[in-house]
Each structure stands twice: as C-alpha cells, then as structure tokens.
C-alpha cells in the first residue's frame, strides 16, 4: 500500500541523475535515470513509447537545460514535429534554438549511424538521446550476436560522450520469439510499457524491469496518456481499484 | 459504465478528422480518424474487415464528398461491386460518377503498386484509400525489414498526397507467429476486429488498439453486421449483458 | 435460446441460393449457400468432412436437379463409390446418368487441374463442385502466397462458370501452424467441423465461421452422423443439454 | 452411462468385418474393423501399440483362420518372437505353419517395401497386415506430401489384395508438431492409445477417433495390459470411478 | 493406497532379471530390469540420473557379481571416480579388480564407439552397461532417422552380447521440441526422473513410463538422494503427504 | 517451515568448500560451493546475476584470501569497476594489489579465450573465476554440440588449475527455446535467479537447481538487492508472508 516515499527518493539522490521530467517516472526510479544509462523502453503497440521519448527530450531541453538528439530510423523530421505538436511540444522551435536535433536516417550502415549520432551529440552538446524504433537493429542483423555487439559498442560510445539514452523496443505478442531480447540484457535499464487487453478493455501500465545504479519501484503502475503527455501514477498500483 | 460522452467527442474535434460515417466508429474514435492517418484493420476471418472498408469509402463518397480509391490485391472489380451491392451500396454508379476508383492489381512490383496508387488518388482527387488484403505485403517480402520499409514509404506518400488510408490485416490464430506484426507498429492506428468463439457461439467485437492524434475508447465494443453494413455499439461494452 | 426462426430464413431467401439439402445446414445458413460461393470445410479427423461433401453433391443431383463434380486428389473413383454407398447413396448410377462426374487426379500441375475441373464442369453442366482434400494445395506450394494466388484463381474460374464449390481442409491440432490458414481467408465461406475430445468422450459439432452474402447462425450446433448421412441439429446448441 | 449395447453391435454387423479378437475392441467398433480398412494406431510410449498389433495378428491366425504379415521396420524376427512370447503367443510356431510371416526390413526404398509386402501377403494369402513403427514413414520422407502419397498408394494396394492393415504411429508429446499428422487423415481409421500422467500415476486408455464404414464408441475406455495381452473395458468409461 | 505388494513382486520373478540393487527400484519394476533390456533414463537437471547409473553399476559389481562398463561421452575417468566417491563407491578399486571398466570417449564416429563398447563388454564379461549422456546421440546426428537407426543397432548388439543397458537422456524443459524423443520409443524401457519446481520448492520423483517384459508401478514415487545414493520410496506416492 | 539448520550446515562441511561470502548463499548450499565446481547462474534481466558474480569475487579477495579473475565478454574494465563501485566494492584497488584481474575480451576464438583465462588464473594464483555473460557461448557456436564440447573442455581446464567458476546465463522468457540449455546440464551446479512479475509487482528469488557434491536447499528463497550487494533470505521461503 505504501509506495515510493519522499525519503527514499532523497536517500538515492546522491548519485548523478538525469531527470526525465515525466510526471511520476523519476519517482518510481527513486530520483531519475542514473546518468549515462542506456535504457530500453519495451512496449506494446499504442502503449506510449514515442510519447515517453518525446517528453524525455522536451523536458530535458525546456526544464533541465539539457539538449537532446532524436534519431528516427523510420520517420521524417516533419512527422516527429507533428507528433510532438499533438502534445503541445514545439520541437521546431527547439531545433531552431539549437537545443534539439532530429536525425531521420535509415539503418543501412551501422558504423555510419554511430558516427552520425556521435557528431550530432557533440555538435549541440546533447546530454539526452533517443533512438526510435530500436527494433530495427534486431531486424537489420541476421545473427543475434552481431546485433548484440553493435548495441554494446553504441552504448559504450554514448557513455563516453556523456549521454543518457533511450532506445525503444517493440514487445512482440508472439511470446515464443523474444519478449525480452538482447536489448533488455545489454541495456542498463529496461522500462516496460504495457497496453494489454483485460477482458473488455485495454489498460496501460508501466513497470521498471531493471535499472543499473538505482533502487526501483517493484510495482506495475497505471499510466494515463493525455494531451499534455504521459503521466505515471506513481502512488498507485495497477489493480488497486479492483481490490 | 459511462462510455464515450458527447462532450468528450466535441472536446477532441478541433483537430482535422476524416469521418468514417460508420455507425459508432467515429464515436469511439472521439470524432473520426485523424486526417491522413494510415490505419490497419486487423481482423479474424468473418469479422467484417471488408465490410468496414467498403462502408468507409461509400460514406466518404456519398455523405462527406470525399472520393475514394479501393486497391484490391486479390479480387476483381466485379467481385467488389457484388460484395458492396450485398450491403446496398452502388459502387458501380460511384465509379461512373468519378467519385470512386477500384484498382484490381496483383502485387508483383511494389514500386509499380505505389505509383499506380499515387496516380489513381491524384486522378480523382481521392481523400480515402483502402488496400485489401494487406497481409499480402507480409507474404510478398521475405525479410520483415523490407516489408516494413515499403509500408513506411507507402504511408509517407499517402500523407503527402493527403489520404486517410486503411490497410486490412489478418489475425492469424496462430498466436506464435505474429498477432501484432509490423503493420500494427508502423501504422498510425490499429483497429482490431474480433470474431471469436465463446463456448458455443461466435461473437463479434471491435477494439481500438491505437490511433495517433486522438483520444480513443479503451473498451471492446460489440459489433452487428446487418444488410445495411457494420454497426458498432459504442455505448455498450462487450460483456455488458453477461454481467 | 431462440435459434434460427422460419421468418428469418424467409427474409434472407431473396438472394440466389444453392440448397445443400443436408438436414439443418440450410437452416443455419438462413437458406443455403449463396450461389457460386467458394466454401471451405475445415474439420478434424473423423468429423464428417467427406460425408458432408458427398451429401452436398448427392442432394444436388437427386433433389435439386443440379449436377456435380467430385475432384478427389487422393482417392480413386471406386473408393468414393464405396464411401457413398456406405450412406446409401448410389453415385455409380448418378455417374452413369451423367448427373455426376468423379475425377481422381493427383496434383502435380495446378493449371492442368484447373483445366480438368473447368472441362468436367462444363461437360455435365455441373452447378456443384467438391475438391477433396484441399489441404494438398498447401502441401503442394512452397510459398503461402503462391497457394493463395492459385486458390483465388480457381475460385474466380468457378464463379465464372457458375459453380458453388466446397474445398475440404484439415484442422491441424497443431494450433501453432495454422488453424485458420489462407483457405479460410480466401474463401467466401468457412464451415468448421469439430470432432473434439471432451474429457472422456468425442463430440461432433459444426459452426459457420463466415459466409459472404448471407446471415449465418452464430452458434455451435451438435452433429449426428448416421447411416443416412450427416445431420445438423439446427435448433440446438452444443452444450444445451449439459446446462 | 449406457455404453455399447448388444443390439447396436448386431445392427452394424451386416457389413463385412475383420474381428480383432482383442477383448473389448470389436465391441467399441460395433463389430470389428470394416474389412480392408487401413487403421492407424497412434499411441504414447508404453501405451500398448505393439501388444495390440501382435494380438490382432495372433487372434487372426489362431481364432479366425486369417493369416497375417508383420512388417517390422526396426526390429528383428527374433525380437518380435520374444515380445510375443511374453504374452504367451507362439509366433514361431505360426510362422512354421505358414500362418504368419514376419518381415524385418529397413525402409530405404519405398517401392521395394511395397513390393515385399505385396509378395508376402499373396504368398501366405494373408488377410491381416501390421507395419510397425509407421512413424518411420514420416521420418523417411522430407516432404509431407510425399509421405502422404506413398501411404495412400500403400493403402490402395492393400485394399486391392484384400488386407485389413494396422500401421502404428507415435504420439509426439510435442503437441506443436503433429498430434494428428497425415497418417490420421489418410487412414480409414484411427485408434488412439493414451498413456498419460494424471497427477501421480500413469493411466492407459483407448479412443476411436474415426473408422470409415462403421459406427464407433465415442468414449475413452480404460485399458488393462496383462500377461494375456491388452484388454479394453468396453463397458466402462475412463473416469467412471472418479465421479 | 496399496502399492506394490511382495506377492506381486514374487509373481513376476519367473523371468530373468537384472537387479538394480537401488533401494525401491526393483520393487516398482516388480523384480528388477528384464535381462538385456535397453533402458533410457530421462531426467531433469539435478534429478539424479548420474547417481542412478553409478549405483546400478556399483551394485552389480559388488552385490550381484555382474561386471559393468561405464561409457562416458563427456567426462574423464577421474571425474567419474570422483563423483562415485561422493557416494562412498570406490570405482577405482573395482576397475583395478577388473570388475568395472570406464571408457571416456568422444562421439565422433558411431561405428568406432559401437566397436569400443563391444570390446570392453566382452573383455571383462560385463553384464551391465551405461552410456552417459545419451543426449549426445541426438545432437550428433542431423536426421532423427539416423540417430534412431544407430541406437537400434547399438541396442541389438547389446542384446546379442547379453548386457542390460542404461542410456541417460535429458528432459528438455522446452516441451515443444521433444519431451519423449526417439530414445523413449526405441528403448525397451523408460524411467522418468523429475526434478520439478512446485511453487516454492524443488521436488524429486520417479515414474516408469514403460518396461518391456514386466509389470510396472503406474505411480510417481518420491526420491531421496543421500550420501549413500538414490532411494526410491516405493511404498509412497508423490503427493501422499500433501493430501 | 524449518529450513536449513546450523547442524546440517556443519554436517556437510567435511568436504572442501569455496565460501561465496554472499549472505545466505553458503547456508542454502549447506556450506558453500564444493571446491572447483563449475556453476551456472541462470537469471532473468535485472535479477542480480552480475551483482552475485562481483560479490563472489569481492568476498573471495577480501575475506577468504582467494584471488579472482573476472572475464567479461561484453563490458570494459572501467564498466566493471563502476558497477562494483555502486555496491561499495573497490575493484580497482584489488586489481592494483594483484588480488583481482579483469579481462575484457571478445569471443572470436575459443581456444584463445581458454588460454587467456588459463594464463590469468595462473598469473595471480586465482581460485575464483567468473565468465559473464556466458550466453555468448551459445550465440557463438552454431551447433549445440560444439558449444557443449567447448564448455566441457573449459570446465575441465578450470578444475585442473583449481578454480571454482561461475558462468552467467540468461533465462529466455521464450520458454520454447531453452529454459535449461546445455549449460545447465554440463555444469556442476545451477543457481536460478528469478525476477518475475506477480500480478502487479516484480519479485526476486533464488533456487538451487543442482550442485554436485553437496546437499542443497530445495526451496525458492527471496532475495534482496541493496547498496551492499545481494542478500538471500535463507531462513524464508518465497511465499511465506503471503500465506
């Protein structure tokens, strides 16, 4: 019943953190992402992955004075502008002010991608990075070992240049292939975003599977997605009302 | 218990919408499809996929003055005429009036398909598009990544030329291969049409899994298919009566 | 509780129908198969697939004056004669009267099969066709897309020459590979014949999964197989007695 | 509660039958195997498949004056002699009297096998045949379609030469690959022999999945394997005592 | 409730037996392994497979005056000495006395393995053989049919030279691949050793799936592994205490 | 209810042990790892695998005067330093004092890895070894048999040079591929670290699946991961509180 207390949050705060600024998320992370962590967000379709990524960058640029790079492996800059606009976030302005950079790039050469990311991050002194959708890595490499090595090398580079990074992943409802794949093992942290069908309705929730360097909430918390973005009900548990 | 209220519907209406005109559907979408969205309808056999597609185009052409293109990857123009006739929709007339175009084409060259679609849409200034059955994409491409890229490029082109599009998908009862496949992740919206066996009867229902740019109903709603088309009982939940 | 009423049956009768003549089946189809439909019967081993096919042809030839062609991809003419005899149906006589034609052919060239079928149908002006067992299509083609295209082209030809057709399919108890495969999606109608083990006994039932162009019963009905053929208990539900 | 009655057994007896002579089996088949049927016995390890096959041949040779051929694809003549001896059946004597023939042959050429079987059957005018273990067919052919065709051609030959035949099959506990495989669909009859673990014990039972040309019991019956062979408790149901 | 009685054990004793000497095992086998049987022990990790094999050989050499050969496909002679020592069994002494032979050999040539085994058995006139771990056979051969044939030929040779043999197998928790594989079908007997997780603890049990030539207990019996070896509680059922 | 008692722990202590020093672990192992055992730790993402490995080495070097080698197949020395620091363990100092060695090496040549490990162990006279993550072995070798042989040869070398070793493994939530793979069968011991979702929260627990040479706790024990490392609640069972 008692969930995450303010004291616990304080107790963990001595280590360097990257505040997501997403309502409730820093609370269930006991103070935000440990700095320079590579975090995988694994989510169902429609669970709020992109929203969380955009909000992470937006809050960084507007509230914490941390620039961000958004690497889109499938969408154009315009599409990202539009999606952000839907939540009232003016990414175009942030880009023009040099606080944000959006890279729309297809994955056909991993080393080129890595260099592009490194350049972009250093050009605007970014402290936050998003790569979306990360599932493309798994599709791109034929051998799991290869995808794993490249992801590791990417993560190492990001740590070196001082970026807290989020890579999105798609939960395949096909549980037999890989609910938790290489990304979840290789990453420093894993956030699970569920959009599951419970009898006659769809329910959204979040759970922190792991996060190196910090205590985490061990509960599933309900999520609300509104026109202002994603909101985690850190003080509630998923089935609280039902009990 | 309270479902979608008129107020909520109004509140969402400031963004541009494509009204499906299908009874109940716009209501559970809080005002219709966000304009230019690429929507996947994933459905069981006999769940009403084709009916919903035809009705979407028919209502566009007759009620909202929006022309439509129906791209059939497996059926002839005549077959589509006949199926529509079964619901009392005179597609032949709409075609002759230049409000509708039916393209029956086999998928053997993706770029050619894309060009054909683009030409047709611009020729009759269509604002609605249906591609049926979309599962052919998955069967056509050997690598998932390839299918994904092509679908993305198709969706981008449709957005550019200003079309709200529906692509149908088949839910494989084989849950191990891909209940939600690439289409569900790549699309802006996903509508699930179920035709499931509950003990001794078959039941039809609809759920909106995701829809970028709008609030959605988070419930499973019962469906009725009559001689006048598909009808979503937006004010009811699937198991309401049973409880 | 109320099942299919006579009024409902009448209400649907304005469209052209092919009466199966199988006790109960036309009733749960609200008046028989819509004319020229391609129907897949998917059934368990021992569920009565072959019996239903034979009865469909026999009733056509003897009661509705509609000739029929039986294409057997695995059995000889003699074997089919014998099986029909077991139900008291004299197929030999029907063949000699030119009301029936039995083609025993191995599937090694799809186009040849198609031509043979077309020839046979036109020679005796058949209005009914059975291809059994249809699972051979799936085994014959390596790519699902190929099987799908061929089946579509076969169905189109049958519609053109005015035949209502049944293709049998085998439900693999291996639910992971394809309970509903391409046949169920491509066909106009799907009849499910179950022969399932319920604790200590085997139970037979039928359900109509879909049927383009007609209203259908949405229940599972019990089946009896007697020496006079298959009989669907249209007024009962499967678990009626048990409750 | 009432199971198979004597009247029912009589009522079915007008068609030609091959009496198994196995206690209880002819009763649940309403009078024995329809003559010349190709029957698959699908069973778990230790469920009594081999015992049932041996008893079928032994009863034929000693009680019904019908000679039999046992084709072993994996065991030597001596091994079969020994196994039969364990049940008190003197196969050596039957072989020396020309009432039985045991062929131990490896499957490396299907046509050769077929010829060998045909020769043996005609040499001793056999009316019963066993091929054990039939699973070897599936392992031998790479394409399911090939195995299917060969099995069909074998069955056709056996019918022509007037043999009632049993082919054994192994139920793979791996339900995902093929509980009911091609054998069950191709065969005229299927007998299921279960040896299943129910909490803390192993239980044996038999069910007739299908049998062309005869009525069958639709129940699961318990089995006892004693030193005198297999015995089906035709008057009981599997879970009778438990209820 | 009544389990295996002394009378029953006596009643079965007229056939030649190989006494395992393992407490409780001969009892649930109604007098030991039928002589020259090829027995597969299929077990979970940590279920006691190796312990049972070692005890089988140790008891043979020290109590029943039957020499034994241990063929290890993965471990060295020293490792086997050590493992046996852990149970207080001095295999080194038995080897030096010519009552035991340990062969540590990698499987790279099946015929060579067979010859080596045959030589060893005849050199010390062994009556007992263990091959451990047998799973290597399945990994070694690409085609299941090949593994099956070789295992059969091995079993035949062992019968010829008069050995009762145990081959260990690993139960893959991956139920989809092969809980009961070829080994279980090909062998004369199958012993299942479970080490399963029941809620918050691990439980050990044994069941005899099949054993040609003898009556068997049809229950799951609990197992205790102590410093003196494995012990089967033949008079108890697995869930006796819990009920 | 009574769990592991001090007496039992003493009773087992006569054999040589490697004390993990991890609170609770030696207790549920009845005195620590049997010396020179090769132990696999199989765990979910976020279950504490790395923490347990680091603590095992740290306690060895600081409390039991046993040097240790950490072979990282994916992370750099610096990353390991940082992770250890998070628990207050100064690995840098231990390395500088020659009590610890960290080898960061990619697996591209198994023999080279083996030699490197052997050299490192002998150079600092290490008695403890960790290889992390061991899953790389399975990904590296195409044939399971090859991975199995190499792992065996590695384990043999480690025993020869007198090292107690831990190899980490990842539990794939995809139960169909290999919950217990070759590592669990080949290893002397297996520790399972679970991080499982129970309704609305994540729960950590540990179970010992097997451990050659010692008695083990047969229960699932809860785990706490704090800033001081991993702690096993040896006196508790997982669901104790809930009951």
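Labels for the chains are A, B, C, D, E and F, by order of writing; each one numbers its residues from 1.
To be clear about the criterion, a contact is a pair of C-beta atoms (placed from the backbone, for glycine too) under 8 Å apart; a residue touches a chain by one contact, two chains touch by 3 or more.
The structure displayed is predicted, hence computed values, not measured ones.
Common neighbours of subunit D and subunit E, by the contact definition above: there are none.
Rounded to whole angstrom, the centroid-to-centroid distance between subunit A and subunit C, based on C-alpha atoms, equals 53 Å. Centroids of subunit A and subunit B (each the mean of its C-alpha atoms) stand 30 Å apart.
Residues of subunit D found to touch two or more other chains are 176-177.
Chain contacts in this assembly form a single closed ring in which each chain touches exactly two others. Of all the residues in subunit E, the ones that touch subunit F in their complex are 44-46, 74-76, 79, 83, 86, 106, 133, 135-136, 139-140, 170, 172-177, 195, 197, 199-203.
Those residues of subunit A that touch subunit F in the complex are listed here as 143-145, 148-149, 152, 156, 159, 175-180, 184-186, 190, 205, 207-213, 218-220, 237-239.
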